[in-house]
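Just so it is clear, A, B and C label the chains in written order, and each chain counts residues from 1 on its own.
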Amino acid sequence: MKQISLYADRNSFVHDLDPISKLYYILFSILVPVILPSISVTLICSFLSIILLLLAKVFKKALPVFLLVFIVLITVVIIQGLFRPGNETIFLKIGPAVFYKEGLLYALKVTLRVTDIVGAFLILVLTTKPSDLVESLVRRGLSPRIGYVVISVFQIIPEMTSTMSTIMDAQRARGLETEGNLITRIKAFIPLLGPVVLGSLVNTKERAMALEVRGFNAQGNKTFLNEEKTSVLSKPIQLGLLLIVVMAFVWRLLT
Amino acid sequence: MIRVENLTFSYPDGPEVLSDINLDFDMRSTAIIGQNGAGKTTFAKLLKGLLKPFIGDIYIGDTNVRDTSAAMLAGKIGLVFQNPNDQIFKSRVLDEVMFGPLNIKLDKQTARKKAIEALKITGLADKLEVNPHDLSLSEKKLLCMASVLAMDTDIFILDEPTIAQDHTGKETIRKIIQSLKERNKLVMTIIHDMDFAAENFERIIVFNGGKAILDGDASFVFGQKDILQQARVEAPAAARLAEELGLAGTFLTEEELIKDLRQCGERAQL
Amino acid sequence: MTKIIADNLKYKYPLSDKLALDNISFKVEKGEFIGIIGANKAGKSTLCQALTGLVPHFYKGAYGGKVFVDGLEVKEHSIAEISLKAGIVFQNPFTQMTGSKMTVYEEIAFGLENLGIAREEMQKQIDHAMELMDIASLKERNPFDLSGGQMQRLAIASIIAMNPEIIVLDEPTSQLDPEGSEEVFLAVQLLSRQGVTVIMAEHKMEKVAKYCDRILLLYNGEIIDFDTPGKIFSRDDLKQYGVVPPIFTSVCRELGVKKSGTDEYPVTLEEARAALGRKVK
């Protein structure tokens, strides 16, 4: 079964942690560098994210994402280094291009922040089953309908791509040329849309009925088959993270 | 018409779906039967050029399927898929049926003529302007058949034509197959409905575990009880009843069985 | 004990000007296995949906008469409430999977979670349903990786786990191969022997004749007859309603051979053998 989720099944204490603590961690990673905007704080936070990814044994899976992000960040470095208003101190000259210290420092800060936040999100995404995350949220009051939509997307989209290839075959069988230059391909794509959209509408209607008769709209409280994943560490971690955010805030106010 | 030599196929990273198939198809109408997962649909897709052989060759007439594309084969070999919702995409029945003929470069006039003919045969001639999605499932299946018939290919492959059809629908399909045979077309089907297969197809091929394990005319194939059992295929109802009654020979249809039992009865009275 | 009462049910889909069901009245007793047969568009699916509240609650439209399932009037109760009394299984096993559960076990739990069943009770009911449908060995598999027959049995198990008195199946085998169909029929027969009332719309007459206690024959939205397979398939005018009896029946009818001591033609392989056997020897 194909899955579009990035979840990587490993044995680590990060995996054992509950999804909500990981959400706290994301909040922490965003807020702390905002409250205390010094480069050293941001640096510490990014290191923390990377260390956690390493401990969760998912750093390799995180690399491609980081790489993608860095490609985008290079443009930030170039633009800020060259043109940031307030650029005064020349840092580096390459031919006619002059990089300024102020701009580069700013770009470094942005880069670190992005690394930190992306890292925190990856910790959540790579070490948590989507269904576990959504279930945790539903327990905390998220509408089960929204929860259902979010999880089912992970399974139903791969199914739709396989339907797509059947449809493509059916059109090729009737002489539609799908191989060749871009225009041929685009032309071939249009007849696919009808059956895909209509097919999924029909499926959605049938599925809606099937869900309905399984009490999807039942009044009253829902129960859960799986016990909620909690670890003895959950509460201390969540409190600790909150405490650090509050302390950072107080520190900021006092200094 | 079709020659299959040493055909072996597997999907990427998957086990072998078909192994070392050698078959020649002449003009006899042919039904391919066997359990789900026996490789029947994969085989049809290979004939149609939608998949390429892993090992071995398939010739449609003189053309090696390897050297051509599914679209180029469209004028020679028609394939009706099992699920009509995967193929219907125009908003008018007539346009849906004209799509194929136009693709194989027939002019508009001829395409229209062929389309209307095909819709007549399938009993949908009064629905030219209807939106295909307002049709019932059984009508949609007939529409898909019409849209391949209109291309007037020499070879037709029907994937599970009788699913969702009631008695009337099956009768319509029976007549279509008859008229194709009369016009010297090669009709092939992949089918689970043994009664229908026994009544309408001259040659039966049994697939099991990616191999063609039995091949011959219907009365020969449905007489091979042990092999059928191994492939987990049930003989037609008439054949099963005849066996229960201990009649000699293989009976494929109700009529054959009735005739024989009548003679039995007459002999008993003598 | 009467489990289903339909009293002059009439129904028209929105945007349609023809009654999809008209003057439908019948009763079904506990534990019966009822087959619904008829040509396409005779109203089989609509009737199945009317027994489980999808008609009129999901489809809206004009509705007349009354339907009671296990004492509950369908029109006056929500689909979720009715689902506790009467569950429904549809044609396409694929669209009955929620798509939000990763294993067979969790898939069956979906309905029970919605109903707020306590965990221990839930596990008991899931285990029972898996055992009845013979899918316990598939417990940890992803629902979408199953074969058609397995997936359909999972769909039935998901309904059975909710413990309904009645289960309605709308052509559950039409997309399955012969082996998958047989699996489903055997599983459903087992259910009916456990006292569950079964209503099944079906095209495969040989199976209907073999497994059903009584058959409801529909034509143009009306009930033509409601009787045992022997009586229904012995009718002279069946063809006129777009229904063809099992080959066993047609052969015997053609030869004028009836089941001994009755006025009915044989409908199953066994009955035909018994009746014809005398003649052959």
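For this structure, a couple of remarks:
To be clear about the criterion, a contact is a pair of C-beta atoms (placed from the backbone, for glycine too) under 8 Å apart; a residue touches a chain by one contact, two chains touch by 3 or more.
Owing to the predicted nature of the structure, the values given are computational and were not obtained by experimental measurement.
Annotation of chain A and chain C: jointly contacted by B, touch as defined at the top. Centroid analysis (C-alpha atoms only) places A farthest from chain B. In this assembly, the C-alpha centroid of chain A lies 45 Å from the C-alpha centroid of chain C. Distance between chain centres (mean CA atoms), chain B to chain C: 30 Å.
Inter-chain centre distance (chain A to chain B, centres taken as mean C-alpha positions): 48 Å. Among the residues of chain B, none is found touching two or more other chains. By the touch criterion stated above, chain C contacts chain A in their complex at residues 52, 54, 58, 78-80, 83-84, 87-88, 90, 92, 94-96, 98-102, 105-106, 109-119, 122-123, 142, 144-145, 155, 158-159, 162. Residues 163, 166-167, 169-179, 191-195, 198-199, 202 of chain A touch chain B in their complex. Listed in rising order, the residues of chain A touching chain C in the complex are 1, 129, 131, 144, 148, 151-152, 155-156, 159, 203, 206-227.
Chain B makes touch with chain A in their complex at residues 45, 48, 50, 69-71, 74-75, 78-79, 81, 83, 85-90, 99-100, 103-104, 133, 147-148, 151. Chain C meets chain B in the complex at residues 39-41, 147-148, 174-175, 177-180, 203, 206, 239, 242-244, 246-248, 250-251, 254-255, 269, 272-273, 276-277, 279-281.
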